[in-house]
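What follows is a pair of complexes built around chain A, which joins chain B in one and chain C in the other.
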Partner chain A sequence: MDVLQLLVSGLANGCVYGLIALGFVLIYKATEAVNFAQGDFMMLGAFITLGLTNEQFWGLPFWVSVPIAILCMGAFGYLLDMLVLRRMFGQSQVAVVILTIALGFVLRFAAGVIWGHQPVSLESPIAGKDVRFGGLVLGLDEVTIIVVTVLLTVLLYFYFNRTKLGVAMQAASQNQLAAYYMGIPVKRIHSLIWALAGAVAAVAGILFASKGSIDPSIGLLGIKAFAAAVIGGFGSLPGALLGGIIVGLIEPFASYYIAAGYSQIMPYLLLFLILVFRPHGILAQVHRKKV
Partner chain B sequence: MRTVFKTSYDADINYFRHGAQAAWYMLLLVLALCLPFLMGTFWIGEMTNMLIWAIAGMGLMILVGQTGQASLGHAAFLAIGCYANVLLQEKLGVPFLLSFPLAGVIAGLAGALIAMPMTKLHGIYLAIGTLAISILTDDLIVIAEPLTNGVVGLFAPTIDIFGLQFDRYATPDRFYWLVLFVAVVIILVYRNILRSPLGRAFAAVRDSEVSAQAMGVNVARTKALSFGISTAITGLAGALMGHFAGIFNNETFNIIISIQLLLMIVIGGLGSIHGAFFGAIVVALLPQAIAISRDLVSGFVGGGTVAIPGLESAIFGALLIGFILFEPMGIYGRWLKIRTYFELFPFYRKDMFRRQKSYLKTERMR
Partner chain C sequence: MNALTDIAARPAAAPEKAVVLSVRNLESYYGPIMAIRGCSLEVREGQIVTVLGANGAGKTTLMKTISGVMDPEKGQIMYGGENIAGAAPDKVVRKGIVHVPEGREVFPLLTVEENLRMGAFVRNDADGVRKDEEMVFSYFPILAERRRQAAGTLSGGQQQMLAIGRGLMARPKLMLLDEPSLGLSPLLVKEIFQIIRRLNREQGVTMMLVEQNAKVALEVADYGYVMELGRIVMADDAKRLLQSKDIQEFYLGVQSEESQRGQKRWKQKKTWR
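And now, the complex of A and B:
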């Protein structure tokens, strides 16, 4: 029974990591940029929902504030790309990495000023309830997280492979110049991708906030999600989810079977091993570089 | 603008391009040497801190600026240098004069060892790998408690060289001169690496790995060497940082320090020694600047001095965003533009430093 509980809570954690990783991969897939502030996007999404929902601030109903928060983060992503990241067009990846790290600092500060640095919890209807499957008692929050994540991933997978816009996004990611020649509005596509990543981050944030209290520094969770994305294979959507789940599962099991102090280093140890032996992740999408 | 008439091949690799330049740098050195007579104890401490950051920045600059390998994990090597230096002194009784270079060697070996499997990685993957190393080191320090004293931390002893005491608090001037000496030596080492074939190999790897390989540069070996030299210098900076801080634990060298170090050299300007120093000035003096301006503002407005948590890193981040967007060459790049403007007056054109437009192609699907 213990093992099953660990499994479900690990899966739920892993799904949140997976959703953040999904945001990384979305942006990387389409714009070749790596958004180190994705964890802070999630934090911002969670705090916007909290600011709209909680009695202490606006006190809107939860189901009203969720779509508003997702829309807000989408708009934020779109504007961020339009106003800031578009200027970075065609520059090195590392410059974008540094820019987004700096952005994370600023976002964390802004959230701290607006909502304070104390941990607060979201007044969410899915927090703290149980569901029963036969003799099994599971947290409603954990089950919801898993279900929502799976749905979202399937949706995104079909979006990228089946819809015109999704294919256009893939084309823009593979060769910007060729995509231009094919009449794809690459710049707008990039902004849309950032909006999508913002929206996914908001979903991740809402799910994470339903599970426990949040404070502005949870954005640093992004680093772990980042490890997850790399373990799964950067540039692969199912890979991001897989990596997230692996990281989510490895933590509780390591602290249960080895020792508590070792649980937090296991994901990074795994990341290091993956980078050494299979540098492009489990579900790799990389082909050999030519001149 | 002074045109240098080159009469020998050495003119290309001399330390200074012409006599006037040498004179200016000598003047700067003399000024740096006289600083303890001009400043109070507090500001000498700040200047020492700045120099230590500059040494660490030069270490990272060799890797990022010269070889083009981004590292987000250099705090790990600061930690290795710092712990190696203090543990050698405390546990084995090695004098500082030996333990200090040994700390650099240990950090360098660790860096080269870690670099070997990582040289396959490019750009962003390398950054992630080094990030993992930084986090792992942080946790390993806690786990290796019998040696490192875990989260409680270690005390750095007073430095003793042939009976002369160097201490941050008791003899801040002497400590400053010691750090200045190390910084000058590192600058010389850095310059000489750039003048040597190794430095050219670094630049070749940075600009294009494929063409470097075609020119006969062993890319994996060059990267590993760059890692080794870079981490060795960073380790030395870490050792000094330990003595400067007095007491340190795993938190002293956390992941934020790694990131800050990388951000620092970007603000300063990638690919030059000047950049490391400009960046260090920003990082070391920003907290003081904020404190002073806060006092000024509260003096005008009359409000209390309310500390806003995270303000420092937010200003740092905003500065950085500004620099990346508008001046990717950093402070040093801006300085070069200003200098060229005056040298060529009135013939400076806006497009002289314009970046080439390029289209990005994926590294995934070719």
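And now, the complex of A and C:
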């Protein structure tokens, strides 16, 4: 029974990592930049929901604040690309990376000023309840996280493979120049990708905040999610989720079986091993151009 | 006068047909380097017009400037009664000019069918798109066989066919073909050029063809320009260019006794004066 509960809580954590990693990979595939503020996007999404929902702030119903927060983060991503990153077009990728790191700090402190640096809890209807499957008792929050992640994955799969805009996003990330030649508005597509990454981060943030208290520094979780993205194969969307789940699963099992202090090393040890023995990650999308 | 082109006689050489595209005094830069130095040319409706020239002559830059991927510094690109110089690429595609780039540039992880659908990105008529897909498959049956295969797994020749097919999906009035023969076997080159000719005749697509393979290009084209160092240095009917001594010596590798090797007498001549 212990093992099963560890498994579910690891899966739930892994889903959150996976969703953040998905944001990393979405932006990397489309624009070849790495958004190191992705974890802070997640934090911001969580805090916007908290600000809208909790009694001490706006006190809106939870199910009203969730879509508003997702839309807000989508708009934030879109505008960030349109107003800031588009101007950096043609600059080196390092400049973009450093900009996103700085942005992460700004978001962290801005959130601290607005909502305080103390840990607070989101008044979520799924927090702190149990569901029973036969004799098995599982947290409603953890089950919800897994279900929502699966649904979101299916939704994104259909979006990227069945809709014209989704396929165009893939096309623009595979061959930007050819996308230009076909009349695909590549710049707008980049902004939409940032919007999508923002929205996915908001979902991850809401799910994460339903599991426990949050404070503005939870964005640092992004580092773990980044490791997850690399383990799964940077540049592969299923890989990002898989990497997230692997990291999520390693943590509870490591802390259960290995002495504290050593157990926190395990995800990074795995990252290290993957980079040495399978540098493109587990599900790498490598192709060579034919001449 | 020998085979040197008499520029003043040009309008008489290509009569009656309406001018689709007219490039006037175009100048384009690659960073600080002036890649096109005052280039002027015309493409007439229903024709295949070829632009010949060596590496670095500015042929590809010219095409990129027309399709809006690069912006010109000076000059005009008149198309459909307006100046499209500096317009965004998606606007140019919507107006009916599609660029089939050098080196195929397919979307490697998308299937053949998805690649074709992306060619029709600017269109909203689903029925027409489906019909045109069948039209493309009728010209390139091999693509129909491979429709569910990732484009990156196709051979070079098949990728070139896909790139042309993808361009056709935009229903272009004018197609810019950049080096379709690049890296293909002579047999495949022949096949591709036969299909280009058929598309021009049967689908009424006007073509502007950039080539290093001068012989093949001139055989299929109606009219030809020769570009050197960013300028048009020669313009004439394709048949006459094929006979021209200069072309034979410098582009077809035919040697004659009278010509002095290395002395390109017409090198700096501009046609727009």
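General observations
In the analysis below, the second predicted complex is superposed on the first by the 284 of 291 C-alpha atoms of A that agree within 3 Å, B and C clash if a C-alpha of one lies under 4 Å from a C-alpha of the other, contacts with A are read in each partner's own complex, and residues count from 1 in each chain.
Note that a contact is a pair of C-beta atoms (placed from the backbone, for glycine too) under 8 Å apart; a residue touches a chain by one contact, two chains touch by 3 or more.
Everything quoted here is computed from the prediction, not taken from an experiment.
When the two complexes are overlaid on their common chain A, residue A:184 makes contact with chain C while staying clear of chain B. Shared-chain residue A:235: touches chain B; no touch with chain C.
Touch criterion not met for A:151: it reaches neither chain B nor chain C.
By the touch criterion defined above, A:99 lies against chain B but remains apart from chain C after alignment on the C-alpha atoms of chain A.
Of the two partners chain B and chain C, it is B that touches the larger number of chain A residues. In the superposition on chain A, contact of A:164 is made with chain C only, not with chain B.
In the superposed model, A:174 lies in contact with both chain B and chain C.
When the two complexes are overlaid on their common chain A, residue A:32 makes contact with chain B while staying clear of chain C. Once chain A of one complex is fitted onto chain A of the other, the partner contacts of A:114 are absent, as it touches neither chain B nor chain C. Comparing the two complexes, residues 174-175, 177, 285, 287-291 of chain A contact chain B in one case and chain C in the other.
If you check the complex, the residues on chain C that touch chain A are 67, 69, 88-90, 92-94, 98-101, 103, 105-110, 114-115, 117-119, 121-122, 152, 154-156, 159, 166, 170, 183. In the complex of the two chains, the chain A residues touching chain B come out as 32, 34, 84, 87-95, 97-99, 101-106, 108-110, 112-113, 117, 173-177, 216, 223, 226-227, 230, 234-235, 261-262, 264-265, 268-269, 271-272, 275-276, 279-280, 285-291.
By the touch criterion stated above, chain A contacts chain C in their complex at residues 164, 167-168, 170-171, 174-175, 177-185, 285, 287-291. The residues of chain B lying in touch with chain A in their complex are 70, 117-118, 120-121, 123-125, 127-129, 131-133, 135-136, 139-140, 142-143, 210, 255, 259, 262-263, 266, 308-311, 313-314, 316-318, 320-321, 324-325, 328, 355, 357-366.
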